[in-house]
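Okay, handing you the structure first.
Labels for the chains are A, B, C, D and E, by order of writing; each one numbers its residues from 1.
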């Protein structure tokens, strides 16, 4: 199975994630979509690392996982804080700041 | 299992180490109520130490830890800017409601974390360190933006920043993946070489990779059209954080921007230069016209920040030593001017019920000359009027641009500056002159700040904030520096030249 | 010498910031007087033969090739004197009157003087640009914060903002142009912005062409010239009159001076090529300014538009590209400054008496004020370039230059002379003569205004008797400047 | 003492007088100012005589001396000295000017006594004399222009002397602007001369001209025409004459001095002075001559119908200057100068007399209301008569000789120049008629109210001071000659001045009687001998013939006037009825004012108003505000896009990337 | 065999991804993501990076997802309404998504990088096993490793700060009852505040 397939797949996933961010309004789901994009990145990294035959890509992917985890944690924390503040969990409702 | 610990030059790494250690210390201080009060002091000490160590390393430039980092004048100068802003942020944060709410210890720990990220970023010359540094920079900021938990705007800005920011990092990451794929290496030098060896100069894979990375960085440096988070987040975040973010983030991001594009992507310069030039022009225009008629000072400074980013990007576009010099010089000047402005905004925010609305500085010239002067100087400086560092900075940039055959971009800078006068001088006028007629107000109805008085979000009013040394002091010093380096710029010029020459 | 001349005013101003309200005005006046003394000393020691004198040349920003270099020669020596003189007048006039926040007012006033002197003294292109822009800052505050709001809603700050943005439009482009000049000239070599250096080997035609316009626009806006005078009406109506006196008296000249100091030597080919365009602009300014002046009813604007016309003459003189024309231009810069400043001070006096700035609500003020009437009359006659006044000599030289260079333009320009006679006399008659409107009480000027006005008028008379005082000192430098463009084949370039 | 030294003194005294009276307006008592003023001019006259003497001292060829005080302006190839030229012509002018001025000052000394602006008046008057002298003594064109403009300003100041009169200020403005037009003409002429000959100095220019120019070359013609613009504007020749009649708004002595005796003859002097140039450009000279002719006829006709005493005399002045212009243009230089001299005598006299009568009429100038002053004011009447006779060229009076000399010269040149002789005599007839129209209206007949009062009480009539033109009441507190008026009968200075002039008007002509003496011709000869027409000299015989014709015509004119206004007083009315259109044309002064108004003044003002109301608002401000609005609008768009929806931010971000990537893909392939 | 696995993994990953963005209920989205992650792990294995695959399953599908589930359970996964407040978003989002994919695909397929077509070089057996990765982490990428550990710490702190119960927050959480509506709030704001309302 040639590497191209993996990369194309990953870009498809990347696009899907991006689209998700654009159409979903629940912050939780948006976080999920961000996960999708990061994972697409990971897939690409790993595929490439296989292609060039060095493992830097895999290390990178590992770091990315950590980062992703951190973003999730903070993101979820924010969501909880917003919920606590009795604000709606809908990014479209949060538009005090504009103009 | 043949594990050989990498040889580490601890001297070179000392600033990073110092930051890490102090971060933990500050965090521990948060554990016990009594010690929590020390957090600001500890943070300042930490920052001072780091600065000291950085200055100590000034002049030697070498790779650290098997080329993951590189400490050189560029990194050091940028890190110093970051530290300066961080220290200022600590001072401005005293008695800031946000600090009480998240706890002083955590607040400052997060701040230090962000600083650590920036310092790493400024030194990074490997994709992985680059990415980690960027995230270490961002994630604490997401939290700090939301730190004023009682205020919806603060939370909103936090969430917005998080979402768009992560989107930006994802894009960046994907771009890095492509570049890694193209070059088979994660080191900047390796990338430059690898792309050449594989004969991929001008290859779509690589170029799209560049595009993705550019977007990611453009986002961090709030280049249009990736700037939209800037005004919102600046307005929503606690003002000290805004002050910190406005300069430090830009500085660090630009540092790595320069390092990455002028080193790793140098072979592709012909392709990316025009693209970035156009982005810069767009940014200048959008930032400046967006700021017109803004009522919120923070928002106004946000847009102005966008415009300024456009100017600075010019220094990168020409991909020349002169360009980098100009960029560093401008960043330093920008730090002084913004600091002066934000310090005053913080003071007025606490003194008046108008929050950061422009009304809060009405008539400041009479009642608080000591606050009015710094803000005036900073506005004039940002507007690039002579005898301020802003003028010299623009001069420097334009010189670099003309030298690099980007005169048209220089003209854009000039045009942008003209537009910018309209809003910078409006602030000055509000401070010193009689109110403009309603016709002249483009801001619409007179001030009705959403957080005025009665609302449960209201922050306590401190009638004497303007006289507090930790607010007036930084403002005055920054303003003084703005003028000083506007009249005697040579030291700063040499400083910038060292930074530039260290890269090429 | 140049150094002390340049920084004395600012020094006084800064010190004045810490003086009590009462003292501020007098301290500032003293500062202006000291500056005038220095200027006179420079003139006294001036050697009309030698080129640049009292040179100061130290590296300022070596990194950017910018030097801090000042110098005095025939082109600027009298403009310096004029600046110092008018500022003394304006400052004294203001000091006699109650100002709010006087310390700040006079600081700005003196800062403005330093900036203006700097623009005249600068011998480094970027230094020139810097001072050129810096001038705006103090005037922004002076107009905006001490100006008067109009009943029709246009506030001082709005009017001033308009002026600043408008004039900076020009000068920022000029900054780009200046830098481009230096860099193209250096190409790769070591960077310098010294005007003398740059003049040595002018740029290629192509670059000259666009850079010329970057500079020209800046200067024309400053003057202001026809179609670029959009800021004038509002700003003039907003400005406090003592400030307006120095503003109109000196700042406009900086633009004209810029042409002589920078444009002609540095962009000779472009200058020759665009000579006719500039002449057309100049004539348009003359005719339009005059036409506006004799239909205006606001006294400030009559004076304002009249200076548009006068600056048109000066521009025409410069772009005759002949020594006599340029001589006349330099002389006329001084004359116009000497005339317009007292004119605005007199206007201030008149307004104090009639309580209105509208010609239709004035009249008969000569009654019981013979001294005022006499001073005003002299100023009026000088304004309309009455033969026998130095203004006439200036205009005579200008027109002669124009006549010998491009005869048609000279004939058109001479229409302006007749118009000038009309609007100047109209201003005088409508205010001083005819019937007095109800409830208008005329009274003689007090000694306060006297000590400000009489010396200025005395200077006008003195120059009228011996205009050569200026000509013989400027001629050498002017001819050196003109030499840059004279060699060039004007005709076929113009025909292209 | 050298002639030039005298000349400098001639200039100095009036200037001093002017300054002293001006500065000392508070210190000096009223009479002192008048005394100083008069004395200054008298002294300057004395110095003029001194100059004459020292000039006669040396050889006719050497009778021209230049002198310079200091370099006035020099640079860029131009060089102008503050220099004067003393030669017979200038000295002649100096003598006439200072002489007549002295007398007029003396007259004013009495006449203006009760005027509030006494100091101001004498200061102006002295300044005027100074300017006039500067004009005639100037040694180069620049200084000439200076004097020229000073004269113009002085006349402006004196015309609008009573500055509360809107009519007076208006007239002043008119006079000044028209004079400036003249100045511009001179200036341009000077430029052209400089371009051709490279100098402004009289002697150099006149010396170089003959070599440099060929006859009727366009340049020299152009120069002369430009000079003529100046000359005509100053000398009130067509079409620049309209200001003169209005100039009568000024006090009567002003009319006498400026608008009769001296200033208006400056044009004549200019032509005479620059005769070498006109010599090279006969075409221009002929044009000048014909304009002069036209003027003298037009003015004469207008003078026939004007009812305002001073304006009537003003028109007669115009027509007399027409004669002089004809004279100097056709080459009868000395004759022209001669007529200038005599004219200044009798015209000044006429104005003085008129002033005296107007004072008696309490400032009413309408001749239809005047009658019977012959009995009321004997001295004045006598003087009026003398002046009238001289003006009408009554045999033996001064005007008789001077005028006919010009016409004789014309006939001598023959060819088309005969036209001048013929029409000149026609003009003479007109002159006689309108002059005696005035005299017969004023002197004979039943004394009117004012005259009656004067006869019975010996008091000058008092009336509400009103503006004779508009009839609005004057406010007397700002230097309007209050209720007190002064007539020659009651004031010695006035009497003396008029007496002297009367004598001169009678016998002044005898200085140059054909065949008997030609003092003036021979005195001025050194100046004009180089002119190509210097050789043309009408023989005594032909001159006497001319004089005979002149005498007949003059008598005929007087007779006609008697017939019309005394014997059959009703005929004029009938004539008017019959020639209604002609009459209206004349009453409206040939509609010159209206024409100029419509052609120049209104368009100019309209342009200004358009510039102010329309152009400025829509184009100039439009330019500014338009740009501002556009930018502001764009800002609105940016703020609109900044919608606050985080998802739309993400959208833009990705769109931005898409764009960027697209660009890169394009460059990659 | 490998192809089959790839396609299974690919379909799983893609299906999961689509599921994430398609499901109305956040909880289902989370579950879809878990599917996605598992199938990715398969692909990782195919790309001979065993350690990553393991980490994927353990860290992600395990720990992180559990966190998600908890939060969703806490805030209540209510359906998100269908209407679209931002004009044009509905239309542009898919278009952009497609454009994005197309551009990336073109970049990949149009690339002149030959090795893309291959399955990659033969690698020694130890490739991508924990030992190898760990070695790299502790030698070349020590900094990254340490930094990410700090990052984790900071994130933890952040989570505590944001979600942890603090005295300051309570008061407000109680007081302001209504769900955020700027319009509603602006009501209680004095039009032009004068003096000190506190």
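Rule of thumb we're sticking to: contacts are C-beta pairs under 8 Å (C-beta built on N, C-alpha and C of every residue); 3 or more make two chains touch, one makes a residue touch a chain.
These figures come from a predicted structure and were not determined experimentally.
Participant: Give me the set of chains touching subunit D intersected with the set touching subunit E.
Facilitator: Correct list: A, B.
Participant: Quick check for you: compute each chain's CA centroid and the global CA centroid, then name the chain with the smallest gap between them.
Facilitator: C
Participant: Quick one: which chain's Cα centre is the longest way from subunit E's?
Facilitator: Farthest by centroid: D.
Participant: Does C-D or B-C have the larger number of C-beta pairs in contact?
Facilitator: Answer to which pair has more contacts is C-D.
Participant: Among all other chains, pick the one whose mean CA position is farthest from the mean CA position of subunit B.
Facilitator: Checked the centroid distances; the maximum from subunit B is D.
Participant: Would you mind pulling out the distance in Å between where the CA atoms of subunit A average out and where those of subunit C do?
Facilitator: Inter-chain centre distance comes to 64 Å.
Participant: Report, in whole Å, the distance between the mean C-alpha point of subunit A and the mean C-alpha point of subunit D.
Facilitator: Their C-alpha centroids are separated by 97 Å.
Participant: Express in whole angstrom the distance between the two chain centres, defined as the mean CA positions of subunit B and subunit E.
Facilitator: Here subunit B and subunit E have centroids separated by 27 Å.
Participant: CA centre of subunit A versus CA centre of subunit E: separation in Å?
Facilitator: Measuring from centre to centre gives 3 Å for this pair.
Participant: Could you list which residues of subunit B touch at least two other chains?
Facilitator: Counting only residues that touch two or more other chains, subunit B contributes 128, 132, 135, 139, 142-143, 146, 149-150, 152, 159-160, 163, 167, 171, 178, 181, 203-204, 207-208, 231-232, 422, 450.
Participant: Please list all residues of subunit A that touch 2 or more other chains.
Facilitator: Each of 7, 14, 17-18, 21-23, 25, 47, 49, 51-52, 56, 59, 63, 67, 70-71, 74, 77-79, 81, 85, 87, 91-92, 94-99 in subunit A touches at least two other chains.
Participant: Which parts of subunit D, given as residue numbers and ranges, touch two or more other chains?
Facilitator: 639, 642-648, 650-651, 654-655, 657, 661, 665, 668-669
Participant: Per the touch rule above, enumerate the chain pairs that touch, sorted by label.
Facilitator: All chain pairs meeting the touch criterion are A-B, A-D, A-E, B-C, B-D, B-E, C-D, D-E.
Participant: Please name which positions on subunit A make contact with subunit B in the complex.
Facilitator: So the residues of subunit A touching subunit B come out as 7, 14, 17-18, 21, 27, 30, 34, 37-38, 40-41, 44-45, 47-49, 51-52, 54, 56-57, 59-60, 63-64, 67, 70-71, 74-75, 77-79, 81-82, 85, 87, 91, 94-99.
Participant: Residues of subunit A touching subunit D in their complex?
Facilitator: 18, 21-23, 25, 91-92, 94-99
Participant: Which of the residues in subunit E end up touching subunit B in this complex?
Facilitator: These residues of subunit E touch subunit B: 103-104, 106-108, 110-113, 116, 131, 135, 138-144, 146-148, 150-151, 153-155, 157-158, 160-162, 166, 168-169, 171-172, 175-176, 180, 182, 185-186, 188-193, 195-198.
Participant: Give the list of subunit C residues in touch with subunit B in this complex.
Facilitator: So the residues of subunit C in touch with subunit B come to 60-64, 66, 101, 126, 130-131, 133-134, 136-137, 140-141, 144-145, 149, 153-158, 160-161, 164-165, 168-169, 172-173, 175-176, 179-180, 182-183.
Participant: Name, in rising order, each residue of subunit A that touches subunit E in their complex.
Facilitator: Going by the criterion above, the answer is residues 1-9, 11-20, 22-26, 28-29, 31-33, 35-36, 39, 42-43, 46-47, 49-53, 55-56, 58-59, 61-63, 65-74, 76-81, 83-90, 92-96.
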